[in-house]
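Same chain, two partners: chain A is paired with chain B first, then with chain C.
Our next item is the complex of A and B:
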């Protein structure tokens, strides 16, 4: 099995509408959100099926995150998506 | 290729009241300096956390209070409520601006004397005034407001001992439609107890009555309460003159005016719900217009306003020590200032702002203090921008009661600094260290090596 995130059954995330300015709309609930640029990047990567290692590398390449704990931030972000019911992605476990 | 600036990835749910008409999240304005002095510089110089007081704010508020009341009742005198903040430097600003001292213990009385306040400009209230404290106050011609019948008797004994004419005031309590009854202190006016106190005092023949005192309660946002209070006090003063030919020197309406802080139970911010001081002045002068005495006999009006004068002058500067996710998903920001130095966090939603430019989407957070204690919560919930360890924050409107009711618990109490009206900063209370605490302690002989 692929190390990292499992993409099965992740319809909610696929259907999230994200616009250029970070306005996010969930058609299932009608709820709206604001995503910052990094979050938009991570959501796009998740939709495309990237695993966490690749996402973290991608963030570091796109953004000036020197000295920042990007791995922790991305993990926390994924948990946050789960808590909001927007994703059934599993973070990598044992 | 140059990379874009990094922000921690964040997705924040829109809540009612959070969006403005442009659909964006309201921004938090950072506070970079206080009265022209950079917050970062203050923390660098004096350490974190740090209390800071603005002399300018005290001067401005005192002027506003005096103007509001003197315009409507010229014979007004403000007395600084020591218990609200008795740091010497703070008291000295109030005294320089013309305020007398209002004290509720012998300790506070001695502190006022230590600050150079003449005894005749000290108002001595409170339920504990031991005989020797009363003697000191009587000899100094201070204003003394008696609390109960037993104290009346002690006061008579002291007056007899010193063999001088002694005048006293009595504290009364009364109900208004806007304030819960505070019946614990003084003689009740509504049920006739206050009249009995006067009859008893006159029967004793050792004291004369020169004033009335009434403190309604605290954080009162309804000016009407003061109108009802002063109308009742005026009617009582009229009765004293008509029945007993007593002409009062003063009517003291206590403190209690709300500051612009926001109670936990309030939805709208205090800056929108607390009426301006002029409305309270209007209410008091309207109540006092019930007095029927000759124009020359109008009593002095004493105000003992505390929190409304000093809350906005005080700040806590603090640093972020950790960011956490709690098991239920909530975001927690841990700072180095706890409820041991900010007990008003239990009452108020203190405004907290970053002391440096922020970017990123605000997210709901709990602000925790540094104590190893579950109740150490500075804000149970607020929309807060992303912050990093080491970032500096400013907690606003902390000037009342915190530097008197703070606790030496778990850790040291921090330094307190004042910024002068000309923008200079100076220590007004040093930070505690180990010796502050151990110097008070003794280890008995059998425990010494």
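Our next item is the complex of A and C:
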């Protein structure tokens, strides 16, 4: 597991419009996405500035998820966001 | 002149599958809650679909640009005398030189316009894109203007395939080989004549910005949009307003460098690495202009105010997420209405059924 990764500020992430049904609109590109309940929770936590460890713990608690794969799934999702230019993930000191 | 009771003429009522901007401009004007004036539709063809809508109060046929400036001037002076038309908003590229040439005569007759000058019209032409880019410090794709078929066979010395072959007025084709380029060259010459523009192919996402310049280097307002669905002709059938500091910055640079006067549409490409290239500038409102009014930035009304000599309303930030989705509708009319336009060249009290 890659521990110690931190999120850095991303204006596009902050400006993502996410509604209750999980419809996501990026006002900078005009692209739209559909996020399930877990993905929406992760996006909201990222926007609130939570670190990955806290997000993983939150997902476990909120969704009664199995601890073994949650970290990997959250990280994978964040990498997906990163590919879309919607998050910045760095090891401390980078 | 008060914007509430102004009489405004608008051209470009050819609301076909490749629509002219006229109906979109008229709908924007009517979208202003203070507007209680009249709209005069100025049409080139008796069967232009906009002739049969109820967006214009009255429709007049006007002569094609090929009939010359005198024919246009005399017809518009007649229309002004009949309707009290105070402002005119031409919306088609090909008619702008003609309208510019008679602007003093129209103003004398009581009708004003707010158009780019002939010099500005030339500055933004496709063949002048590199010079415009240099003057405005805007990135543009590398290009070469050719006027001989032989030039096609030396393109590989300057460009890496694929490249884009563009008609001087309209049309663009991506070419992957000399053979493709040769065919595209012939096609463009047959449709639009020479020269033909050869442009570096840059991969990315296209954005469009509708804007109005104040003629002094300032930007009155602008709305950036991304097309969401396109027709086989590459025309936007739906689109969404986006935020875009780089898009707005490029639009500012363009209006400042050219002192742009009136409406325009910028076509801008954003690459995967976030670079922005200006592909083209159209010297008029686009067919999707009503989106600007929907996003809270009524640019056609601003042009009407500027033409009248009034200060335009202060433009807010466009509402990102506002969308347009175009629709095709069959309008029901009657031969009486059609015969009025064909026989008299005008039709009053427009009402679609």
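Following the convention adopted for this analysis, the second predicted complex is superposed on the first by the 78 of 94 C-alpha atoms of A that agree within 3 Å, B and C clash if a C-alpha of one lies under 4 Å from a C-alpha of the other, contacts with A are read in each partner's own complex, and residues count from 1 in each chain.
In this text, a residue touches a chain if its C-beta (ideal position, glycine included) is under 8 Å from a C-beta of that chain, and two chains touch if they have at least 3 such contacts.
The structure displayed is predicted, hence computed values, not measured ones.
Visitor: Identify the partner contact of A:56: answer first if only chain B is touched, second if only chain C is, both if each is, neither if none is.
Guide: neither
Visitor: Going by the contact rule set out at the top, does A:37 touch chain B (first), chain C (second), both, or neither?
Guide: first
Visitor: Between chain B (first) and chain C (second), which, if any, makes contact with A:46: first, second, both or neither?
Guide: After superposition on chain A, A:46 lies in contact with neither partner.
Visitor: Residues of chain A touched by chain B versus by chain C: which partner has the larger set?
Guide: Looking at chain A, the partner in contact with more of its residues is B.
Visitor: Name the residues of chain A shared by its contacts with chain B and its contacts with chain C.
Guide: On chain A, the chain B and chain C contacts do not overlap at all.
Visitor: In their complex, what parts of chain A are in touch with chain C?
Guide: 15, 17, 25, 27-30
Visitor: Which part of chain A faces chain B closely enough to touch in the complex?
Guide: On the chain A side, the touching residues are 22-24, 31-39, 41-43, 59, 61-65, 68, 70, 73-74, 76-77, 79-81, 83-84, 86.
Visitor: Name, in rising order, each residue of chain B that touches chain A in their complex.
Guide: By the definition above, chain B touches chain A via 3-14, 23-25, 325, 329, 360-361.
Visitor: Considering the complex alone, what residue numbers of chain C touch chain A?
Guide: 205, 207, 225-226, 228, 239-244, 320-321
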